[in-house]
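In what follows, subunit A forms one complex with subunit B and a second complex with subunit C.
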Partner chain A sequence: MSGAEHALRRISAVRGVRGAMLVSAPDGLVVSESSMEDVDGRAIAALAASLAGRLRRAAGGAGLGRPTVIQLRGETGTLLAVPAGEELLVVAVGDRETNLGLARLELLEAARGIA
Partner chain B sequence: MNDDVRTLTAELARDPGSLVFLDLAEVLRRRGQLDAALTVAASGLARYPALADAHALHARILAERGDGDGAFDGWMNALQLEPSHQAAHRGLGFLYYRAGDLGRALRHLEFAAQAAPEDAGLRAAIERVRAAAVPAPEPPAHPGDEAVSPEPAAPAERGVLPTSRAIPFAIDAESGTSSDSELFAGLDGARDGLLLLDQHGLRLGGALRDEDGADVSDAVAAHLAGVSREAARAARLLGLGAWQSLGIECEYGNAHLVAPTADTVLLTVRDVAVPAGRLGLVAERAAQAARRWLERVA
Partner chain C sequence: MRVLEGWVSGPLSRFLDESAARLVLLMTSSGQVVAQHGFTRSVDVMSAAALGAGIMASTGELAHLMGSPRFGALVHQGTEQGLLLSGFDTPRGRWIGLVAFGPESSVGIVQLFFQQFTDEIAAATPPEEQRGPVLAENFEHELNASLRALFGR
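Showing the complex of A and B:
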């Protein structure tokens, strides 16, 4: 098992996380994924990359530097995305019961290992 | 106009490879049927990727839908194909103006005016951008005078983007007009860390400053045009329900986006030392203030 796959499995093991994946940031394509449940991984990849790109531009314009963690919270779940270098995003989708604090740490750890 | 749409639709159906898609998309755009216009324009663009007019029309429809980034890309594509494309220069001039880059805005608008010297609206827009580029004069004697949008007249009249004239309180927070100053009154960061904008990326109130103290409100607002729609779409497609917030932790600060109403977005920015969770609470308080303010000024 590669380092990236191992990292994705660790993220997926967090309570409430439905799955995790590695996404190519420039084109929104799936690089690697782990147990995405009931969700189209390609859709997650495309949407996460698009959102991350827009927020990166906005953060740059505001003088905030590069985003390190992005969290889209919905009524019934959350999307987390963490850039891993210039080209990749570590992405996870969790339900309402997700331990977001732990998931965030696992994503950051994965991004550090992958970048 | 219905007849126009019917006729053009029939013509396009008879000959899908014809350029009539340009006319049909334009008619639909003028009727405000932006989804249909976008579908027609995108389909035509796929067939004619080297046609600058197709890129420019597609960009204009995107702009009217609030997708400033998409519009920017489209007009840039048009200029790559046809460097003197008048509509592309005009559109880019407007986008740069909204982003606060007056130099580039002026260059593009002047270039557009060269191709259309009789266009009085475009000339008026250039004058307004030039006026905005010089230091601001003394504050007006009557506070109500400030509620005049600095929008360049021509692009707004031509519908490149929705005009902020429809939002009479879209003014500079620094000027301290009564309604704007009340927006986030009493909240920390009211003058430099809270920004309320509409879904088209136009500032409604509040302000944002970078680390050098420069006002970056309009530039950031322009980048965030359509972000609520994108967030809503992403949340829906991912089965997350209605979107509630977007948290962005960054190298030098943290930001939090919420939608006080269906048509507005509130950006809250704080130092990186403020934890993301606490930032969410600050943002929610500011959103409540924004909702109250919007109800008063509506």
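Showing the complex of A and C:
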């Protein structure tokens, strides 16, 4: 198992996380994914990469530097995304019961290991 | 946006809004243009349609030689622009979409919404009208009507 796959499995093991993936940031394509059950991984990858790109421009425009963690809360769950270098994005989707603190730590750890 | 048949407008308009595509050309597998967005010169549309249909035919034959089913899509990623060329089935036969997009979009976004667009087209396609034989006296009139619809002139 590659380091990226191992990192994605660790993220998926966090309580409430429904799946995790590594996304090519410029293309919005899935590079690797782990147990994305009942989730359209292709759509998540495309939309998360688009969101991350726009937020990066917005943060840059506001003088905030580059986003380090993106957290999008919906009515039934949360999407987390962490840039891993210039080209990749670590993304996780979780339900309302997700342990967000631990999930964020795992995403940041994965991004450090991959970048 | 210019369309030959009005029912294409809704799905194409939604695709353009969602994907932020710069240029779109929708054509039959023989290269007959059904709709276009972003082109200003008719000669560019005709060239792109002929090239797109030719590329799809070539890659289809290549797939056949390799013993594979036909390829679904071809993506070219340039430094300034990307290009998606994809065939899809409709009740009126196989159509081809040619989409050019810039850095404001991505291949993932374009592919995602192109799939939705093709699903909508397949669902919205009305039954084809029965047409009489193409007569010489009607040909020029029909050709001019199509050119007016696609280029507004």
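Here is the rule we go by: the second predicted complex is superposed on the first by the 115 of 115 C-alpha atoms of A that agree within 3 Å, B and C clash if a C-alpha of one lies under 4 Å from a C-alpha of the other, contacts with A are read in each partner's own complex, and residues count from 1 in each chain.
Everything that follows uses one rule, which is that a residue touches a chain if its C-beta (ideal position, glycine included) is under 8 Å from a C-beta of that chain, and two chains touch if they have at least 3 such contacts.
All values derive from a computational prediction rather than experimental measurement.
After superposition on subunit A, the partners subunit B and subunit C collide with one another.
Legend: residue contacts after superposition of the two complexes on their common chain; A:Ala49 is shown touching subunit C, with no touch to subunit B. Touch criterion met: A:Gly77 reaches subunit B, while subunit C stays clear of it.
Once chain A of one complex is fitted onto chain A of the other, the partner contacts of A:Asp27 are limited to subunit C, with no touch recorded for subunit B.
In the superposition on chain A, A:Thr68 makes contact with subunit B only, not with subunit C. Using the contact criterion defined above for the overlaid structures, shared-chain residue A:Val93 touches subunit B, although it does not reach subunit C.
Of the two partner chains placed around the shared chain by superposition, neither subunit B nor subunit C is touched by A:Ile114.
It is stretch 1-9 of subunit C, out of 1-9, 73-81 or 127-135, that runs into subunit B when the two complexes are superposed.
43, 47, 50 are the residues of subunit A that lie in the contact sets of both subunit B and subunit C, per the superposition on chain A.
Of all the residues in subunit B, the ones that touch subunit A in their complex are 69, 208, 210-212, 216, 219-220, 222-224, 227, 230-231, 233-235, 237-255, 269, 276.
Across the complex, subunit C meets subunit A through its residues 77, 105-109, 111-112.
Subunit A makes touch with subunit B in their complex at residues 38-39, 43-44, 47-48, 50-51, 54-55, 57-59, 61-79, 93.
Against subunit C, in their complex, subunit A makes its touches with residues 23-24, 26-29, 42-43, 45-47, 49-50, 53.
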